[in-house]
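Contents: one structure, followed by commentary.
When the chains are written out, they are named A, B and C in that same order, and each has its own residue count from 1.
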Amino acid sequence: MKWETVIGLEIHAQLATRSKIFSGASTRYGAEPNTQACAVDLGLPGVLPVLNAEVVRMAVKFGLATHSTVAPRSIFARKNYFYPDLPKGYQISQYELPIVHDGYLDIEVDEDTVKRIGITRAHLEEDAGKSLHEDFHGMTGIDLNRAGTPLLEIVSEPDMRSAREAVAYMKKIHSLVRYLGICDGNMQEGSFRCDANVSVRPQGQAALGTRAELKNINSFRFVEQAINYEVERQIAVLEGGGTVIQETRLFDADRHETRPMRSKEEANDYRYFPDPDLLPVEIEPAFIDAVRQTLPELPEVKKQRFMEDYGLSVYDAGVLTATRELGDYFETVVEACGGQGKLAANWVMGDLSGALNKAGLEIGASPVSADVLGGLLRRIEDGTISGKIAKQVFEALWAGAGSADEVIESQGLKQISDSSAIEGIIRDVLANSPKQVEQYRNGQEKVFGYFVGQVMKATQGKANPKQVNELLKKMINDA
Amino acid sequence: MHHKTLVELGAGLRQGEYSSEELTRACLDRAAVLDPQLNSIITLTGEQALQAARDADARIRSGEAGPLTGIPYAHKDIFCTKGVRTSCGSRMLDNFIAPYDATVTRQLNAAGAVMIGKTNMDEFAMGSSNETSFYGPVSNPWDSETVPGGSSGGSAAAVAARLVPVSTGTDTGGSIRQPAALCGITGLKPTYGRVSRYGMIAFASSLDQAGPFARTAEDAALMLGAMAGFDPRDSTSVERTVEDYTGGLGDSLEGLKIGLPNEFFGEGLDSTVAAAVEAALDEYRKLGAIITEISLPNSQLAVPTYYVVAPAECSSNLSRFDGVRFGYRATDPADLEDLYKRSRGEGFGAEVKRRIMIGTYALSAGYYDAYYLKAQQARRLIREDFIRAFEQVDVIMGPTSPSVAFRLGEKSNNPVTMYLSDIYTIAVNLAGLPGMSIPAGFATDMPVGLQLIGNYFEEARLLNAAHRYQQVTDWHERIPPGYE
Amino acid sequence: MALEAEEVEKIAHLARLGIDHDDIPEYARNLSDILAFVEHLNGVDTRGVEPLAHPLDAVQRLRPDEVTETDEREHFLHNATLTEAGLYLVPKVIE
């Protein structure tokens, strides 16, 4: 039987606010345990939540960027369950009326296939604390610093049909929230997390199969591995005559497998109801318009513009708009080199990206600034140096040698384009290579390369290669 | 000194007849002698009180005293008080030293009022007789065999017994008005949102509201003035300036339209209580008020609605008491679930557990619509009744409680009978309106309360109506035998 | 609706309330009485009535995104029975 995979993702993006969603405690990452858990975050008797204005603004931004409806009225509800990292015994979330709903995002499945993924809803909620399982005399330690950190939970439609599509969608959301400046996207620190709902069904069947919810997948690679493992597991169960049970499973990154989560074994009854400590959130059209004014150019729009303005391919434009920082860097390079989009794209995606990858650096930490790289490309463009010499200059720039012009000047790398100078060198080469001249005249044309090599060697690679070719041809035949 | 009202004591302090320290010491001494039989106070805070009194004296000497500066008061043990045990009447919080002050506490401190102790109450404010307290029941000063009402029973008894001139309470379904009625004093529940709930341990968030107990309406007005106000820490607090509640106290009641709901005078109302209320209404007629009958047709829905909404909210509000960060923690738990179940099972009393279970059930899958949603719809019908009524009248009046104080133990085995003792007060909380109870005579030698219900934010009108009545009657000046 | 002992146990578990086995019949009776009482609401026609969650028709006020709280960890930890290294301790949690 042929099986079809059905995947929906629930992405939790921590919103990049200074203070928590319902309290004035700091959201800074990495503080000593419980030093950023205030009375409200600890759920002390008598405390009350007050909503942070910034989280509302950020959720609206996300809604506008995903073609979603921003709800004129949304409600906070309590999700009741007992867990040590949940201090109040309930999580304040949104249930029936989320702040954002019914939107979509387009993903590139391959070079020329675009697929639309529906966004069911995006709602605001508070994050929980952390359980530390190091051994405290056989007990678990609870750190509530993260409790109350604002989260936007982005729920997709079950529109994805493969792990690859799921990863493409997740990357797209990751890029988008960073573009919007609403989430730092740091997956190591847990700022961007994902749960995947995975099911399989016989190809052609309309009804969905029973799904498993995969938790704890904190990298793009793990999402792919976890889904692929889970799909195989479910198919094996079904083909073995068994049934898939609806459950929550934990991805084990070390073993590359999923296993049932013990703490979620029993069916939960969350007893959602409107939080009586919070009132309905009302959003006026004027507020939405004001937020719209602050939206940056979104990745899709930027990509189209790169293709049109700089003549880039779909692929190159996609790569260069993957993050806002990379797009900004690229455009600065283009400007600094005098508008050579393709040349700039080749360098940013080639030598620069290679060097950054090797050094494990992000674009923002590049030792070669966009202006400096642009200055280098300008010298390629105006013929001052060859592409080959440029790589040598780039290495010097990477090592911190100032500007391209300074490197070219101090290392004497300027290209020799003076015909009489090149002619003199060619004359010497021909005079010193009678045997090879003879061979060439006897029809062994590949000896030509030998002459070029000798000229370049004599000029330490600085002779303009095009001129060398032209002059050499003329002079051999004339000689 | 203990016979004096807040207004009289304030004048004496400012005129230097006595210091706040002397006054506070007198209150503490009186409490030490009389409270063992009353049990109205859970924690006496003598040391802090005397320090606060000396600070108040300095303030009085420097001429910066307000009306409450140097006045001793008793604080319901539901308000967080920094550095002082805040038990909420529960074993669960017997060891809880609040690490912060409730907004009401902070405001009373800022006004210079002197807290002498934390008062007894039904556990987590769940009760109408003060019998559910972990610290034992409170006696009604008028008859030690009867209850003072609840949940703010300790605060009401302390004022009735003249231990303090004023105290604080909270009212979720009648917890200020009913004990005020049963103890023969004045109590006011403000409009929902008028007084901050921050630091007031939540029972039912959409119903809870703090207010004062006093012997006179005038004293209650001064207390309310200090307790009320917008609080940015409470999302349900209303951004609205606090009126001068004393300015209009003496206004004439000529032409005041008073509505009497038919539903408050029917079956279930003790005839001797009805007679006292009728007599009080005659006084209002003499004061020039126009009394008409009105109807609140959905009144009979109030108690059942309340007993869905309040338990639902409390079941969630009380989930934070899990033995981990504060409060009672069971010893040697076998595992996490055992820690939760035993800490909560041993830390909470029977009535609290009953309400948590009712609320859990009402919110659970398959029952939400039938119970919780239905109750919220009924709640709207109840509120609409009042909105319509206030298009016709200025104030609604009736009995506060269907009977005078009942005997200790009389209703404690039957929850539903107990719940019905709040039959006239509960609708006011569901609608979020301000309500008062004032002494209006006696029935079988026990005090009867007259309830006054106002439109939203019309506390001043209620206080005015109460004050004028107290100018022509002396019920509020009666002292329980043995407390003269 | 009359609750059976089994349902009382289920609700108590959901609410994480430890209840003595011997007390269950009384809880069942009390809770059933309360439910029978609140079921008076069933007879009320509430078709088309919008549920009322708050007594006032107010909307949520928003707080500026500012850090206003300072570290009070040591102060807060005093109210907990078991702590270590700044953490609150609970019996081992298995995920």
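Following the convention adopted for this analysis, contacts are C-beta pairs under 8 Å (C-beta built on N, C-alpha and C of every residue); 3 or more make two chains touch, one makes a residue touch a chain.
Because the structure is predicted, anything quoted here is derived from the model rather than measured.
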Top chain pair, ranked by number of contacting C-beta pairs: B-C
Chain whose Cα centroid lies at the greatest distance from that of chain A: B
Most centrally placed chain, judged by C-alpha centres: C
Centroid distance [mean C-alpha coordinates] between chain B and chain A, Å: 58
Centroid distance [mean C-alpha coordinates] between chain C and chain B, Å: 23
Rounded Å distance, chain A centre to chain C centre (Cα mean): 41
Per-residue overlap in chain A, given as positions that touch at least 2 other chains: 39, 42, 44, 50-51, 82, 84, 142, 269, 271, 276, 278-279
In chain B, residues with contacts to at least two other chains: 96, 99, 206, 232, 235-236, 315, 319, 322, 324-326, 336, 340, 360, 364
Multi-chain contact residues (two or more partners), chain C: 14, 16, 53-54, 58, 60-61, 63, 72, 76, 82, 88, 90-93
Complex contact set, residues of chain C against chain A: 14, 16, 53-54, 58-69, 71-73, 76-77, 82, 84-95
Chain B contact footprint on chain A (complex, rising order): 39, 42-51, 78, 80, 82, 84, 87-90, 142, 269, 271-273, 276-279
Of chain B, residues touching chain C in the complex: 95-97, 99, 192-193, 206-207, 232, 235-236, 238-239, 298, 300-301, 303-305, 307-308, 315, 319, 322-327, 329, 333-342, 344-346, 348, 350, 353-354, 356-358, 360-362, 364, 370-371, 373-381, 383, 414-416, 419, 430-433, 456
Residue numbers on chain B that touch chain A, as the complex places them: 79-80, 86, 88, 93, 96, 98-100, 102, 197-202, 204-206, 232-236, 312-313, 315-316, 319-322, 324-326, 336, 340, 360, 363-365, 368, 372
Contacting residues of chain C [partner chain B, same complex]: 3, 8, 11-19, 23, 27, 30-31, 33-35, 37-42, 44, 46, 49-56, 58, 60-61, 63, 72, 75-76, 78-82, 88, 90-93
